[in-house]
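What follows is subunit A paired twice: with subunit B in the first complex and subunit C in the second.
And then the complex of A and B:
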């Protein structure tokens, strides 16, 4: 007689996987949104890096697709307490996009179609830690998950991984984004449980 | 959640603000008439589109889509942003 422990299919993460403090695991992919979902076609999509001196570096969809891609598999941690393990993405590393961009900036303010913003230190976008992601789980990134393309910065809470990304301003001084300006933590490290200001 | 990508209307009406705001204000603000700082439209707060599947509540103008009110409830602090409301007319009884 086969007896399968209920715990095997329960909410506990697989062995070897750690949940940051206060998080629980989900197997679906919850959709969070602070507004209507922007519908941006590949033809209309553009991504612009603007330096502190005003110099702009712009990619359209075709140019982004020509760049060498990477396929990161990462864990996601949302500040609303769900975590999702082993999500598979395809995208272009920010390291590649930043090649040839001259800047003394230490901060980044990320802008999205639809008006959302989020800020983080520039170094958290570099050294293989961030991507402009355009495919999820083997398919084109769906609009409700940020398609055509979203920022992916999985080592910080997911609100930093701006959906519908359209550009990044490189700044000498930090400027709070949409949630950072309303109580949320300016950095948002899930492992230090930096949810709110003062955490 | 939706997988066909067609359901875009993930907001509720402004009455969803009632409970969370009653924790902060003694009067029912959903009955207040607000003026959108973006387009100037006026209407009851209950007419706003409230997006609450997010790290906070985001209430948008039904006419121009701009953010009128945002509310974040932390463990021991609430943060309220009314930048997008240029005025609020709040029905009250006679002054006591």
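And then the complex of A and C:
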């Protein structure tokens, strides 16, 4: 039973906007992160997929740029309550990066420059659901938004879309990432409002 | 600190309010069932209209833990959906829903012994003030320095309390648009000089907490790393718009 706050009318989302519960729409692009913004150059950037047996598949910037790109337009939902509709990205599908990677893993632990980590089921990265994104709104991805490259998994809360991504460990057993270890939900589905442990 | 089990929505009744500045007010809530909190944590506030429409925002806990009493300080965002309601329309006896405490990273615990640098921009002072207050409440002696940036003197929060001060707490103000006449520092944005003069040297390995609008936090955190502070000793919390 919701408690009514007397005299509160609120602002309804624009018609046609499908907002997950508890969210509100923003038109700017808020920034959230736990520490200073890491500065990673294209020359230094590397991305490593490591399987549960320790086999590593590594891409440098040039190799990533040679891969066929995609241009997803997606809605973003942040656990701090804002949603942003119709964001335009360019990046490489995780399906392409996972081609030829042999694994029986069911989980992924994503690592970032700067030490951030986040975990999710591997199947949430496949079948066209996730990208290594390197351009936003027609421009290079700005450092405060995760540039040079970030993970983009728009169907989960944005803390799963690790900024400054540098690799993914494929794991047989789930291992909590940074926020997941600090009380946030392990899966993070905005439509089911999975913000904190136990939601 | 994972919350114990599921975080429940609690009913909070407004029992008092204080004006902090032209554009900010502290709201005092009575929250039966409040589990207590750490300095730096926040709550989710849920407002529901009569027709069932509801929305949520996060607000930092301003107070030190005090039974089932919880204080938030809300800064008005012109044209905002929630902050003008909380500031102007919410009256003693009215109810909102609260969930928390949330967040286990941007926190200071009284057991921490190291030097602490607090860098606040505008309403970003709120969670840092909770750290100052918790330190005071436990008679803590961890050396604290607070560097507080505001546009002009009228924007300052908690003026009497910071003026009174506390042993081992150094507070420096920094004005970006207009300073009081006798203020030694010219107006302007936070610089490396300010952090050298009013902060701690990096070799003391202080824990740095930076909170404010995105642009401010970005600038402060990169100045700190530039001065040799280790990135893992710099914790940031950003609220407010990105400006683009």
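Everything that follows uses one rule, which is that the second predicted complex is superposed on the first by the 185 of 199 C-alpha atoms of A that agree within 3 Å, B and C clash if a C-alpha of one lies under 4 Å from a C-alpha of the other, contacts with A are read in each partner's own complex, and residues count from 1 in each chain.
Just so we're on the same page, contacts are C-beta pairs under 8 Å (C-beta built on N, C-alpha and C of every residue); 3 or more make two chains touch, one makes a residue touch a chain.
Values in this document were obtained by computation on a predicted structure and should not be read as measured data.
Asks: After superposition on the shared chain, which partner residues are touched by A:196: those of subunit B (first), subunit C (second), both, or neither?
Replies: Both partners, subunit B and subunit C.
Asks: Applying the document's definition of touch, where does A:34 land relative to subunit B and subunit C: first, second, both, or neither?
Replies: both
Asks: Please indicate which partner A:85 is in contact with in the superposed arrangement: first for subunit B, second for subunit C, both, or neither.
Replies: So A:85 meets neither subunit B nor subunit C here.
Asks: By the touch definition at the top of the document, which applies to A:22: first (subunit B), second (subunit C), both, or neither?
Replies: second
Asks: First (subunit B), second (subunit C), both or neither: which does A:159 touch?
Replies: So A:159 only meets subunit B here.
Asks: Count the residues of subunit A touched by subunit B and by subunit C, then name the partner with the higher count.
Replies: Of subunit B and subunit C, more residues of subunit A lie in contact with C.
Asks: Please indicate which partner A:187 is in contact with in the superposed arrangement: first for subunit B, second for subunit C, both, or neither.
Replies: In the superposition, A:187 touches no partner, neither subunit B nor subunit C.
Asks: Starting from the residues of subunit A touching subunit B, keep only those that also touch subunit C in the other complex, and list them.
Replies: 28-37, 80, 115, 144, 179, 181-183, 195-196
Asks: Show which residues of subunit A lie in contact with subunit B when the two form their complex.
Replies: Spelled out, the residues of subunit A in touch with subunit B are 28-37, 79-80, 115, 142-144, 159, 179, 181-184, 195-196.
Asks: Could you please specify the touching residues of subunit C with respect to subunit A in the complex?
Replies: Listed in rising order, the residues are 1-3, 5-7, 11, 44, 46-50, 52-58, 81, 85, 89-90, 94-97, 102-106, 214, 218, 221-222, 224-225, 231-232, 234-236, 238, 240-244.
Asks: Could you please specify the touching residues of subunit A with respect to subunit C in the complex?
Replies: Counting only subunit A, the residues touching subunit C are 2-12, 22-24, 26, 28-38, 80-81, 114-115, 144, 178-179, 181-183, 195-199.
Asks: Touching residues of subunit B toward subunit A in the complex: what are they?
Replies: Against subunit A, subunit B makes touches at 1-2, 5, 8, 10-11, 51, 53-56, 58, 60, 65, 67, 70, 72, 74-75, 77, 79, 81.
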